[in-house]
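Same chain, two partners: chain A is paired with chain B first, then with chain C.
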Partner chain A sequence: MKKTLMILFLIALLSLLPFFVGKYILYMTIHILLLSLFALGFNLLFGYTGLLSFGQAGFYGVGAYACAKILLVVPSLLLGILGGVAVAGLVSLLLGLLSIRHTRIYFSMLTLCFGMMIFSLAWKWRDMTGGDDGLVGIPRAPLEIPGLFRINMAAMESYYYVVLVFSILAIFIFYRLVNSPLGLTLQGIRDSETRAACVGISVRNYRLISFTIAGLYAGLAGALLPPLENTVTPPVAHWSHSAEPVLATLLGGIYTFAGPIVGSFLFYIIKDIIVRFTEYWLICLGIIVLVLVLGFRGGVVSIFSQKGDR
Partner chain B sequence: METLAFQGLVGLSLAMYLWLLAAGLTIVFGVLGILNFAHGSLFMLGAYFAFTFYGLWGVNFWFAILLSLLSVGIVGYLMERLFLRHIYHLDHAYQLLLTFGFILIFDDAVKMVWGGVAKIPAMPTFFEGTFSVLGRLFPIYNVFIIGAGFLVALVLWLLFEKTWWGRMVRASASDREMASAIGVNIPTLFTGVFVFGAMLAALGGALGTPVRVVAPGIGAAMIIQAFIITVIGGLGNLKGAFVGAVIVGVLSAYSILLFPVFELFLIFVIMAVVLMVKPQGLFGR
Partner chain C sequence: MKEIIRTEGLGKYFGELAAVHEVNFTLREGIFTSIIGPNGAGKTTLVNLLSGYLLPDRGKIFFRETDITKVRPDQRVKLGISRSFQIMNIFPRLSVFQNILLPVLSRRNENFRPFSALKGHKEAVEETEKILQEVWLGEERDLPAGKLSHGDQRLLELGIALATNPQLCFLDEPSSGMNPIERVKVLELVKKLSSERKTTFAIVEHDMDVVFSLSDWIVVMNRGEILAEGKPEDIRSNQEVRDIYLGEEI
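Now for the complex of A and B:
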């Protein structure tokens, strides 16, 4: 009950945010929401399934580029976002089939490899992706269903609500997913692959499902980016971008549902605070990573929920 | 035809930097079981130290390289003693994450100390000039690099196959507990191996200083190539790392010439195919 109230309060706060704050905080909040979606998907793979992927930025990139490509041809926001998610889902299904042949370090290497393949296409395939210039002039197209409604998106506030609705929906679906038999099965596989296989669980199929969902969430986060920024550039697909959901998840907590969301919030807050004092904020982030790995592997959420380190 | 042969030579000199980098990475993985994400950053530190001693302070070139190796060796020593030591028992994911944290720290630290601008010191005079190979001009320095790479390969082979220390290292790589039971001091050996790997990376970085760009971020760029090489050759396999480095170096040199658009893509395809078909690497058992 207390939890439900908290969540309702949070949703109300986020919904009313444009009335209180300026464009900058709104812009930051959109980025926090995008990273939350990105990190949630990553954590399904890492925290719930036990597979550390270093290639999630590849799927983020696919979502972003696909959405941008669609918007450059058809100015329909809904089509762009859903199209981006669909393409990212398809790509992650295909690459998932290949990646889940391995676990542990080989899985990390293989996903790193696939992610960098996507990056190298974005970077070099000039005709398709605009090369290192990226795609520019992507319109923040109106949200419309022909014959039903049409909402102009020119104002940042309007687009904020689109991102918010997509995020709440996606987070709600994610919550249902991990608390369903699917979520429990994935954790079972993480804890003991052999045991899971012995009770008749198809370990490969479940890993593939997990991989694809993670790709869908990365793709959604990616697809929501181009209408905000009006451009897409190759670094969104680079492996160092894959590290962002990893860091956010580590910050917030790996084995908790809310960990990646809290972590994404902290990630941007830390960044925003530290860059006010020094341009060298990455060194601080690096030190935080060391401290977290050595001392607080449960992340911030577990410190407060007192579940402790597992 | 001559262009192809010449380009092969260019690729070979590129391969030698990659080899020095990958050698340390694969040795550390083979013995300590840790895939050091920050290994490329040690390469970068080696380059920066060499740049400082040789390019800024005007220390003799060879002595500058030696000092750079020692400095990075100290960094490696501290890294292993203070941090890595505590995570050997953890899941590999945490090991990757911890070493990833070091990438962030080293990259920013380098910017703090040396600034964000790329640096290229002057070439030592005795390496200036070019050779005429197949009717083209080939820098003497590249010949020196190729020689140095092969020399290091020979020294490593002698060290691991013919010396007592090499035998202890190989024993602990194949069975840590058994090696410990017959009297190998595992913690000390691990520190030694890590420092050794760090110095190899630093050697690659330091040797590249006169001809390659010294800039923040070169470590993070190099580490991915080192991963590709060690995966192709088999994680923990030294011979594989050498062959992998030659494959990647020569192949990049050719594909820059033949199909520049898909050069990077192609190398990742090879890595993916090796990982899927033979994850233990071309030379793995």
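Now for the complex of A and C:
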């Protein structure tokens, strides 16, 4: 009950945010939501399935570029976002078929390679991606279902609500998923793949499912970016961008549902505060993550729930 | 008694080492079988081959007359073959309850339900509670499995193996690391379950007192081969078996 009330309060607070804050805070909140989705997908692989991927930015990039290309041709926000998610899901399914045959460092290196291949495509395939200039002039097209409704998205406040609704839906689906038999199965594979196989679970199939869902979440986060920024450039697919959900998840907590969301919030807050004092904000962030990893392996969430692994 | 599993010329080699060599043996339905032998005899490798954890280099395995030599471990579980491990192998971060629920859901083909709540699987939950009682872990149900005592973790392993409702269950040293009292208790539980359930048990065990008191049939391995097999009294009087145990009283 207490938890439900807290969630409802948080949703109400986020819904009313545009009435109280300026454009910058709103812009930052959108980025926090995008990183939350990105990190949730990453954590399904890492925290729930035990696979550390360094290539999630690749799927984020695929989602972003696919959405941008669609919006440049057909000015429909819904089509752009859903198209971006679908393409990212398809790519992650295909690359997942090759990646999930391996585990541990081999899996991590494979995902890093595939991620960088996507980055290279974004960088070199100038005709399709605009090369290092990226794609520019992406419209924040109206949200419409022909014959039903049409909402203008010119104002950032309007787009904020689109991101918020997609985020709430995606987080709700994620919550149901990790608390379902599928979620339990993934956690079993994380704990012991040999034991999981010896209770009748097809480990590879479930890893592929997890990989694809993680790709869909990265794709969703990526697809929501171009309408905000009106541009998309290759660094969104770079491996260093894959580190953001890793850091956010470590900050918030690996084995908790809320960890990546809390971590994403902290990541942007820390970044925003430290960057005002020094351009070397990543060093400070690194130290904070180090302290958390060494002292509170369960992340910030575990400190409050007192379930952290010390 | 009908045969449940049979091997023909089974072999597994690690370089020059013949871990299992030319093994031909049959397990029969409802017969409590123990596989014994000195360290390095190939007992665990044999269980690994029969459960699909390892693929043989030679020979064939038949489960109820069906060739399962190349069948994956998860598919063998679906056919009715289950096992526990010599080195503890549970799901340490999951609760005791979830450790049992997971194989129950797997057997019922209810794993891929991405949006249904676990509580909604009432029959699976009831079955899980029943198994927890069977292996004396009802009171520990909400504890993380990794926090259980060694003896309780062994019981949990047994519970996990049973939760797939197997026709044939291999238990690899189910009482290792336990004190003598716990050991007898666990093995008596296994014997009790074998008579109550329609499961054929085959255990790998070092405690000869327990082996000879519980088993209907004993298979003795040495250097990757089957040295002898027979009823406990026959094995007890077998000179070759006595020799490999260095004259120990068995």
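Criterion: the second predicted complex is superposed on the first by the 309 of 310 C-alpha atoms of A that agree within 3 Å, B and C clash if a C-alpha of one lies under 4 Å from a C-alpha of the other, contacts with A are read in each partner's own complex, and residues count from 1 in each chain.
In the analysis below, a residue touches a chain if its C-beta (ideal position, glycine included) is under 8 Å from a C-beta of that chain, and two chains touch if they have at least 3 such contacts.
Since the model is a prediction, treat every value here as computed from it, not as a measurement.
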Touching partner for A:9 - first (chain B), second (chain C), both, neither: neither
Which of chain B and chain C A:116 touches, first, second, both or neither: first
Greater chain A contact set [chain C / chain B]: B
Chain B versus chain C as contact partner of A:185, first or second or both or neither: second
Which of chain B and chain C A:125 touches, first, second, both or neither: first
First (chain B), second (chain C), both or neither touched by A:287: first
Contacts of A:172 with chain B and chain C, given as first, second, both or neither: neither
Residue numbers on chain C that touch chain A, as the complex places them: 51, 53, 72-74, 77-78, 82-83, 85, 89-94, 98, 101-103, 105-107, 110-118, 121, 160, 163-164
Footprint of chain A on chain B - complex, ascending: 35, 83, 86-87, 90, 92-94, 96-98, 100-105, 107-109, 111-112, 220, 224, 227-228, 231, 235, 260-265, 268-269, 271-272, 275-276, 279
Residue ranges of chain A in contact with chain C within the complex: 173, 176-177, 179-182, 184-185, 187-188, 190-192, 194-203, 206, 209, 255
Partner chain B, residues of chain A touching it in the complex: 46, 52, 54, 98, 101-102, 104-106, 108-110, 112-114, 116-117, 120-121, 123-126, 239-240, 243, 246, 250, 280-283, 285-290, 293-294, 297
